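Starting off with a structure, shown below.
Per-chain residue numbering starts at 1, and chain names A, B, C, D, E and F are given in the order in which the chains are listed.
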Amino acid sequence: MIPLPAVVLEEVVRRALLEDLGPGGDPSGALVAGDAMARGEIVAREAGVIAGLEAVALAFHLVDASVAVLPKVREGAHVAAGTVLVSLDGPAAGMLAAERTALNLLARMSGVASATAHLVERLQGLRARVLCTRKTMPGLRALDKYAVRLGGGVNHRLGLGDGVLIKDNHIALAGSVGEAIQRVKGRVGPMCPIEVEVEDLAGLEEALAGGVAMILLDNMTPGQCAAAVRLVAGCVPLEASGGITVDNVRAYGEAGVDYLSAGWLTHSARALDCSLDMRGL
Amino acid sequence: MIPLPAVVLEEVVRRALLEDLGPGGDPSGALVAGDAMARGEIVAREAGVIAGLEAVALAFHLVDASVAVLPKVREGAHVAAGTVLVSLDGPAAGMLAAERTALNLLARMSGVASATAHLVERLQGLRARVLCTRKTMPGLRALDKYAVRLGGGVNHRLGLGDGVLIKDNHIALAGSVGEAIQRVKGRVGPMCPIEVEVEDLAGLEEALAGGVAMILLDNMTPGQCAAAVRLVAGCVPLEASGGITVDNVRAYGEAGVDYLSAGWLTHSARALDCSLDMRGL
Amino acid sequence: MIPLPAVVLEEVVRRALLEDLGPGGDPSGALVAGDAMARGEIVAREAGVIAGLEAVALAFHLVDASVAVLPKVREGAHVAAGTVLVSLDGPAAGMLAAERTALNLLARMSGVASATAHLVERLQGLRARVLCTRKTMPGLRALDKYAVRLGGGVNHRLGLGDGVLIKDNHIALAGSVGEAIQRVKGRVGPMCPIEVEVEDLAGLEEALAGGVAMILLDNMTPGQCAAAVRLVAGCVPLEASGGITVDNVRAYGEAGVDYLSAGWLTHSARALDCSLDMRGL
Amino acid sequence: MIPLPAVVLEEVVRRALLEDLGPGGDPSGALVAGDAMARGEIVAREAGVIAGLEAVALAFHLVDASVAVLPKVREGAHVAAGTVLVSLDGPAAGMLAAERTALNLLARMSGVASATAHLVERLQGLRARVLCTRKTMPGLRALDKYAVRLGGGVNHRLGLGDGVLIKDNHIALAGSVGEAIQRVKGRVGPMCPIEVEVEDLAGLEEALAGGVAMILLDNMTPGQCAAAVRLVAGCVPLEASGGITVDNVRAYGEAGVDYLSAGWLTHSARALDCSLDMRGL
Amino acid sequence: MIPLPAVVLEEVVRRALLEDLGPGGDPSGALVAGDAMARGEIVAREAGVIAGLEAVALAFHLVDASVAVLPKVREGAHVAAGTVLVSLDGPAAGMLAAERTALNLLARMSGVASATAHLVERLQGLRARVLCTRKTMPGLRALDKYAVRLGGGVNHRLGLGDGVLIKDNHIALAGSVGEAIQRVKGRVGPMCPIEVEVEDLAGLEEALAGGVAMILLDNMTPGQCAAAVRLVAGCVPLEASGGITVDNVRAYGEAGVDYLSAGWLTHSARALDCSLDMRGL
Amino acid sequence: MIPLPAVVLEEVVRRALLEDLGPGGDPSGALVAGDAMARGEIVAREAGVIAGLEAVALAFHLVDASVAVLPKVREGAHVAAGTVLVSLDGPAAGMLAAERTALNLLARMSGVASATAHLVERLQGLRARVLCTRKTMPGLRALDKYAVRLGGGVNHRLGLGDGVLIKDNHIALAGSVGEAIQRVKGRVGPMCPIEVEVEDLAGLEEALAGGVAMILLDNMTPGQCAAAVRLVAGCVPLEASGGITVDNVRAYGEAGVDYLSAGWLTHSARALDCSLDMRGL
């Protein structure tokens, strides 16, 4: 699995803590003595795939480095409701102050990973893989991409620079699919793959003629996708996109496409319900 | 309406652009001449409440200050599917490069505003108001809070510092509701209101005795909430929380509570579907 | 006591170090061998309340993590002139490079804490408490608020968002005290208390009628404050502000107000005189 | 006059705004309609030297670029109490939201400039000039240094890197004044002047023998300073430091030293009292 | 040409200005009256390809927005020694303060573009294109990549994430070229191309068998490269790397490889000599 | 030696890592198991002066704190080609992800140090010392200045604020060398030395008359420099600049000047060739 480097994660966790702590810290910390110690457990309140254990540890450590954070499951684990994910031991005030930020990160990341895993599970036995998009939460691109990987998906483009996806707007500006492909091809480097989005078999043939690294079948039915698969005959990977849900994903997979992408994995994933239970010492 | 200051918004938009643009800019810009001009329209592909028009303008301007961005609806408008939200006019390359970031911001903010408005609409004619929580997307607290306001909701705490919500963990650490209230009261300032979370009428009575600014009824049924309303008799505002949905929100509102809060407005809101259609000039 | 989270403090200490160190580091470090070790003691050269021991430790550690920093008094201690506050042991060059930044932070924070404590001491036996304002040093809001708490004061608003203080300008824009209160009340959330500033008993009555969480008596004499206290009769907390000094603070406190606020605690506090004495090993 | 570059100022103003605005903006903005316009005047409530007019303009513009900010005096002006410094015209909500930050910056910078000017005025007719130190407010080094210049003072070191001031600790580590000078001299560049702090005439002679760019007379009386001036006979500039106040500064100046430095100009300056008066349109 | 987005450039220019201006601004600005105006011309003192005109404009504008900056050549132009690149008109002090930063950016970016163009020119008439690497100046990745494009080169990977280049270390860890390819292939997304570095024809055959998007011929002679070209027969693009210079680049190009990469374009490019000549008004 | 403070270095290393890692981390990490361990050695592939060992350690630690980084030579060492500089031991994935950033920093810093050392070596036995300029790589000022020191050079100005170098443009604006000196002298502080650039002996006499801390002989031949040395007769240090190379530096040194400065040390230094060899465990 491709890990999330600490230096990247830290930027996000610091920012999240600072927006919650503000200039006043946590006044509820007034409730405990400065040296009061506590223990706590973070529990998954629903089943899912866990992502963000490092983010949790960092959130507590950046508030108070002496909070001991012990993961009880491994990153990427599929857990049942009620599973203890992390145990905590340390100063009560720091634990209270970092709680919400830690849970927000864990719930978001696990939510994305779990949504991805739902799609992946439905594809069992098929070759099709689940892709994410650039429709990520602003500021959380790296975490969203990592969570998709943990859920069993693979990343499509990480940012604008690492590939070109020729879409409607590009075609409108260039005049035709073929012209768009040619213009880009002559100017981008060899590590910048080109994909074209097509809406029907006519577009598909134009794309094939242009020569691209991948073709996106946009808003086609599984039946249309199957026809596209037959037409392409393995010459270039096919991605289906548009309206992919847990309910219809298998039909698309059975149509024989190589990839299925879904923007909602990152722009509309439901957070995984997690909570922290503390007790004094 | 309480506006979102430009200086706050700008931090978020810059960060979002930088994570998408990376060190390579937008290679699809190679497809158009450097001085090619284009027009475009951002369209809502489903009905909802629009939030983030300033974010859209800023996203385009920070990539290329010469893109003209003209809102066609006002911030907070309830629009039908197909409504043109923004028209654009300027350099094609800059428009392409900022497109995804602008749409991601608009879709997120409008998604939160629309989810809030759904709850607010169901409460029509009742006194109850919709509250958000601190379960916001990491790094997007200010935008999420603003989108809730645009959707007709009101903000609960903005961060840890501006109020104390005494919950399970605090009570466990302090020993009792009353003790928790007393400890906090003596130590926080007069602009830091104290709210207590209770799970039943016994807890409610203890909270009333302690004297707090608001009481949160956690995971109670509408019926239990109505009993709580009768018990409190207007002495202190009541907030109901836990499992509030579009389906049951009116029942809670009719129970007579003052506020209804829902974490999912910000941690699990569905993005509003928006797109940009461009054409060359 | 409400602590200052490490992540918040670190931002300030890094920035302070970077502006002093610049691109050339500390050329006086040329004076010692790279592996020369030293010991040092930070001493209070006047009596006061100590705040910023964590900031001191962080300043040394961010320059050279191997400097051992050992506090000799606890945060918030009232110390006499000549008291050793911190002992240091480690590389001489790092100690020299961080010295001024560490002392600047300690002197500022202890200065604010000590000024606050001066007011607090004069109020001994009275119910009135000392409040700070938003007139803090730009960029040091969190440290200033924390230092006030260490000095025995309580924080008023931490930022604009956590409460509304209706002042002259608001009243001028709204038309009247009552109108201002009504407009705000309908639009802010339940954790955003409203306070009104009044200049005489007529204004006080208007404020009482409007129903607010606190009333600020602006530039009134202790005698006028006492009249206000009688009028209000405990219905709402009263804050006196404007020209509060160490000399007159007790008179205000004896007038019976609940809070006394003084902007100078943070905008004009005198730094506490501290120094570092080093010796080679 | 050496100006304060916009890019340097902007960093500070953004940070100051963000810490005050937080994730909730200014809820008092709810009091006015979104398009309500207002006029305002910033007034000096006491006499002083004005510094920070650019900071004021920037604070308003970063919150709302459409607020017109018109300075009525020039930067560095000596003004009487009651002088209008700035007039404002624009959206009322933005004006309210930026008010406190703008005033905090203006009051701080004008306070430092005014304190400096007080010392400078007492030296009229003498050659001695007023110096600041590195005892500046953490994070505000550039603004403090600039305000000192506006008040008629000159800057000593801007940071650690641009000069070496050999003090007690350096001498303790090197073994002697002479040894300290020699070690530094061999290792720093030609644009890094060396100054030595001495406490008596014996130290002064040692410093003279070492050959330095300036000598600091620490905690000497005016009489001792005069003796030092005679001894040095113009070979090297002399700076007196330690306990310099408005009351004794002229005596030091008359002793013939070239520079007088005072840390309190920046670590303990009193803010200049300023306020903003608004009215609706 | 793929442009450099303003938001990306601005980060770099701000940082460069801040490290040069420091807390003291430009004391040489003391030499002119605050309102003194000047004109200036930036001149290329040697022939080359110009890159960074936007950076120059931004450097002046961030110090003083009223400096008018007028480019006299277009970005990417090949100019002769003595060509006027930019004319300036505005406040003298701001022009002086931004001069060095503006020139440093222009000289660096033009140096990289010119070095690239030197290689590109030597390949005239051949199909081979010039590639850059990730051996860029720390913090200047985006500017370096853009300058290479302006010089006529194309970008290889922008960062680690947008492709995999399997090198010695990867092969050592995986056990063999084939194993390395298989492990990566199964785990990265479809927009993440895989390239393998080989040192001889045996490695080349193993790479071909593995199926990759490109193969890098490392430290081979032009003769060995020609053999590789024959072996591969157009099945996969070939990149030659290692010791490519202006002198031998054409021999490599004539060997028939598709790409030639040179780390020194960005890690060791010579700055283009530029200067600013000012005169008062 | 004047060290590079950790807090300064860390800013640069974080930024460099973030631009390389991007939102996708290192996909080549997919090639090894998450817990795979490796050893590695960083080797100098050519002779030179080593600078940046702390940067290397930090680059690995910020990606994965458990990578053990052990320097095998000391900072500033002159090493032969093939020398092992650092040994590494820890998780393979983290080692791969940080490799390029660590090497880029090491190669740049060692390149600058080595270039400086080349000049310094040619001056053996002479009094002349090697100076750097402000022509540093944007964003790397502190690292470049430090590397020059490690190479045996001394730093000229660190930024604009710590000295004034009166050049052509200043003289053009002030009217004459003498006028320029006088205007600056009256306005800058005593720790801000003034140097004047002259082009011939007439200018030199004018500069001597004005009284400055140092004089720069611009673009003079060694013979002209020798004449200048005789004229000045030790009254003020002389710096020669313009076209200084490894070949002619000794001639300039023998002319008797005190300092020789060369912009190319930092704007055009060649990176030192280094590589990392890893093996699995």
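The definition used in the following text is that a contact is a pair of C-beta atoms (placed from the backbone, for glycine too) under 8 Å apart; a residue touches a chain by one contact, two chains touch by 3 or more.
Given the structure is predicted, the values throughout are model-derived calculations rather than measurements.
Any chain touching subunit C that also touches subunit E appears here: A, B, D, F. Here B-D and C-D are compared, and the pair linked by more C-beta contacts is C-D. Inter-chain centre distance (subunit A to subunit F, centres taken as mean C-alpha positions): 42 Å. Centre to centre, using the average C-alpha position, subunit A and subunit D are separated by 50 Å. Measuring from the averaged C-alpha position of subunit E to that of subunit F gives a distance of 21 Å. Counting partner chains per residue, subunit A has residues 1-2, 19, 21-27, 30, 97, 141-142, 155, 158-159, 161-163, 187-188, 192 touching two or more of them.
Within the complex, the subunit A residues that touch subunit B are 12-13, 15-16, 19-28, 30-32, 36, 38, 40, 92, 96-97, 99-101, 103-105, 107-108, 111, 134-142, 158-166, 168-170, 172-174, 180, 183-184, 186-188, 192, 263-264, 267-271, 276-280.
Interface residues of subunit B facing subunit D in the complex, by the touch rule stated above, are 1-8, 11, 141-142, 145-146, 155, 158-159, 162.
Listed in rising order, the residues of subunit A touching subunit E in the complex are 1-2, 131, 154-159, 161-163, 187-193, 195, 213-214, 237, 239, 258-259.
Per the touch definition, subunit F reaches subunit B in the complex via residues 19, 22-23. Residues 14, 17-18, 21-27, 29-30, 34, 62-65, 93-94, 97 of subunit C are the ones touching subunit F in the complex.
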